[in-house]
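What follows is chain A paired twice: with chain B in the first complex and chain C in the second.
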Partner chain A sequence: MIALEDFCVSFGQAVALRNATLSLARGARLGVVGESGSGKTMLGLSLMGMVPDAARRSGTMTVDGVEMGSASEADWQKMRARRVAMVFQEPMAALNPLRRVGDTVMEPMRLHDGLSRARAQARAVSLFEEVGIPDPAARLRQFPHELSGGQRQRVLIALALACNPALLIADEPTTALDANVALRITDLLVRLSREREMALVFISHDLGAVSRATDTLVVMYGGDMVEQGPTAQVLAAPLHPYTKGLLAARPDPARSGRDASGKRRRLPTIPGTVPPLHALPAGCRFSGRCSVEITACALQRPALRWADATQAAACHLLTGGDA
Partner chain B sequence: MTAPVLLEVRGLTRRYRLPRRSLLRPGPVLTAVDNASFTIRAGETLGIVGESGSGKSTLARMVMAFEKPDAGQVLFQGQDPHALSHSALRQLRQGFQMVFQDPYGSLDPRRRVGWSIAEPLRAMGEAGTQARTAQALTQVGLSGQDAEKYPHEFSGGQRQRIAIARAIVTRPALLVADEAVSALDVSVQAQILNLLMDLQEDLGLGILFISHDLAVVAQVCDHLMVMQHGKTLESGAVTEILRGPSHDYTRSLLTAAGVTP
Partner chain C sequence: MRGLPANLVIGAVLVGLVVGIAALSLVWTPHEATQMNIRGKFGDPSAQHWLGTDQLGRDVVSQLMAAARNSMTVALIAVLLGGSIGVALGLLASALGGWVEEAVMRLADLGFAFPALLFAIMLAAVFGPSLTNAVLAISFINIPVFARITRASANQIWTRDYVMAARAAGMSRFAITRDHILPNVAAPIIVQATIEFAVAILAEAALSYLGLGAQPPASSWGRMLSEAQTLMFMAPELAIYPGLCIMIAVLGFSLLGDGLRDITDPRLVRER
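Then we have the complex of A and B:
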């Protein structure tokens, strides 16, 4: 239902998103992982048609077969009401503190669907039930500060669902939440995606949450999609050195503790830091930090190579030779 | 050959009175920290895990003597910081320092980072701040020249290194790290956790490590304390708790961290 091909977003010389290519079917659940500055939020904003005005866009994006890559803001507004919706990281910042949460959730229904107050309220109650908010009628009258972090995130999900979107983009939806609550919100998004046959794009730096929530995965670094494939397969057998480094850097109780000499075991790290957008290397974005780098890496950009029918990575070493 | 006890906390309790709901009655009382006790030895790390509102940050603030307990005692190297005079407390403070979660919020954006790092030294009227600032920067893997730069010139991970440099510049014996790696990306988090382990081995630091992420705590801690609603649910060696958690809440934290006991 939504497809990107060679979609790029750049600010002057700085390329925030380079040749993004992906397609999403109804009910598909796609995970996007990467660290700050990897371009994952820009990918989410692109799918929402919310790329900043200052940016230059190129490539194509089609939503339900309609070309939206260079669509106007007015066209996007209609699309956003009906087809795509977004859930953000910080539920407190995304809700108006001076409005009752019910009014916030009812607003798009009244605006876009022209529902009466009573009908909108009835629908808000059923949405609150659907996202697992207890005692929905009473909650509608509460203000954001009266709700817990998890409840607020549920309200935002209800708000995103208000106009029955076909695609829900969740940008770090669990990052600001406690571990237990994060787990429940992740499961809620999966359930909603299944029940409503709604496509889900789950953007996160939390590999655990992504593996729980999605069936396909895109790994991003420096604005490039460096690896993609079925989530379980990518996490179990990563191809790209960056994906491997990211997985190894996660604390793992099975590998922690002290070694024979009594020293605490260190975590494997990726050396250095993500360079700023304007200083990214021209070839492979990961060159300079990669542990298996060859001469070609800094000079020439590796193309996406398919290791099998489902998993691909952009790395010169992958095919061993024709780089 | 057990190391000396650095910090001893006995029966620490903190209550807050909530806003009153009726004119006729005083507001209800919330016990933020209820009878918490633990010890930390030199070179050892104690982890405290719990969700937001579990009282772990209040506990840290009482250890740091930012906040007075309603009951119980903090003993740092045998001295109770809450019982000291203002000037004596200032001297004692050299020995315990804190690293906060947000590397953006804890550095003054208008000051060179060298100024921020030397702040605790100036507060104690110490001389030779420049040399010690440069030394602290080297210890955290930055260079002495970085003292001349401003916070915005650094990445998030580098800023957290700067915050750690500021904490170790007074050569403390104890470091209190409150969600010090929570705001960081996975690869940066790994670098900072390794740095804390390096510093601990080099300087013999005791560390009170507060986090909501059990996997992170298991990586760096010897002992673990699980808190919920101000109460200590369980405490003990990390390996023991990972193997056999005695509370459902701890089990749910393990599940959330992707660990199957």
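Then we have the complex of A and C:
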């Protein structure tokens, strides 16, 4: 239902998103992982038509076959909530402290679907039930500060679902939550996606949550999609050195503790940090931090190569595949 | 009253006093405020005339009460009118950004550059001195003040996550402004309105003193002051009474405004 091809977002010289290409069918669940500054959020905002005004967009994006890559704000307004919706990272900050949560959730229904207050309220109650908020009628009248973090995130999910979108983008929906609450929110998103046949883009840096929630996975680095494929396959057999680094950096009880000689094992990390967008290397954007770098890496940008029918990565060391 | 800042409490009491007296004058004054009695001029305070009578034998208390009402009315209309236009322009500038914002803010700068009294004198010169023109002049000088403070506060709110969430829910800029921006910028605007109320009272008094505001026989503190000026050595109390009233009203609204800011501005909470 939504497809990107060579979609780029840039601020002057700084490219925040480069040649993003993906397509999502109804009910598909896509994970997007990467460090802070890798372009995950920009990808999410692009799918909402909400890249900042200062940014330059290029490439094509189609929603339900309609070209939206260079659509106006007014056209996007009609698309949002009804076709694409988004859940944000900070449930504390994403609700207006002065508005009753019910009013916030009912707003898009009244605006887009022209529902009366009574009918919007009925739909809000059933949505609250659907996202697992107990005693929904009473909750509608409460203010955000009266709810817990997990409940606020459920309210925001209800808000996103208000007009039955075909695609839900969840931008790090669990980052600000406790681990057990995060798990339940992740499972809720998966359930909603299944029940509603709604596509889900799950942006996260929590590989565990992504493997739980999604079927396909995109790994991003420095605004590039460096690897993609079925989630289980990418996590089990990563092709790109960056994906391997990310996986190695996961805390694992079986590998922690002390080694044979009694030395405390350190958690493996990827050296360095993501360079700022304007200072990214010219060739492969991971060059300089990569452990298996060859001469070509700093000079030439690797193209995405398909290792098999489903999994692809952008790395010079990946051979045998089709460019 | 524990926990409330002193300026808020004192300001509220003074404002309550002035507004209460102004309201009372609608239904009752000891005498008809404009009724003259030449034989009884310069009367001393008595049971009948609590603060005596002026050079035309009018009851001073009744005049002060009627003047309070006129002053409050002028200030209220001027702040509401100027404030609404200013707030609307500020919200518009903030919502649209770009050249609209730039244009509104430069116009506001221009408005700031205009001294209020000079503008009122200009209006009076063109349209003739009247209370209406004084109200318009005071309203006009309020516009840029409110436009600036509204735009600055609104720009902060536009960056909040809940505004992003509202955009993601397909809300237009207008709807976001109405439902999310305005309620969240109300506090600084109300504080500013209270302070501008004091400024408007002072401006009305000044214009009336110059003969550009309330016209005879309407009562006004500023006009009472100017009429008493020529009699300064004969009856100084006639100048002192309206002067005190102006001071109490302006002080009351200023303190109230300061107090409201102290309790609504989170940055100041820790200092209390």
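Note that in this section the second predicted complex is superposed on the first by the 316 of 323 C-alpha atoms of A that agree within 3 Å, B and C clash if a C-alpha of one lies under 4 Å from a C-alpha of the other, contacts with A are read in each partner's own complex, and residues count from 1 in each chain.
Criterion: contacts are C-beta pairs under 8 Å (C-beta built on N, C-alpha and C of every residue); 3 or more make two chains touch, one makes a residue touch a chain.
All figures in this text were calculated on a predicted structure; none of them were measured in a lab.
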Combined model on chain A where chain B meets chain C, clash or fit: fit
Partner chain(s) touched by A:Ala232 [first = chain B, second = chain C, both, neither]: neither
Touching partner for A:Ala303 - first (chain B), second (chain C), both, neither: neither
Arrangement angle, chain B at one end, chain C at the other, chain A at the vertex (C-alpha, nearest 10°): 80
Partner chain(s) touched by A:Arg80 [first = chain B, second = chain C, both, neither]: second
Partner chain(s) touched by A:Met48 [first = chain B, second = chain C, both, neither]: second
Which of chain B and chain C A:Leu95 touches, first, second, both or neither: second
Touching partner for A:Val292 - first (chain B), second (chain C), both, neither: neither
Least Cα gap, in Å, left between chain B and chain C after the two complexes are fitted on chain A: 16
Touch list for chain B against partner chain A, complex: 51-52, 155-158, 185-191, 193-194, 197, 200-201, 212-216, 218-220, 238-239, 242, 252-253, 255-259
Chain B contact footprint on chain A (complex, rising order): 35-36, 149, 178-183, 205, 207-208, 245-246, 249-253, 256-257, 263-264, 266-270, 273-274
Interface residues, chain A side, partner chain C - complex: 48, 50, 53, 77-82, 85-86, 88, 90, 93-99, 103-104, 107-108, 111-112, 156, 159-160, 162-163
Chain C - residues contacting chain A, complex: 97, 160-162, 164-172, 175, 179-180, 183-184
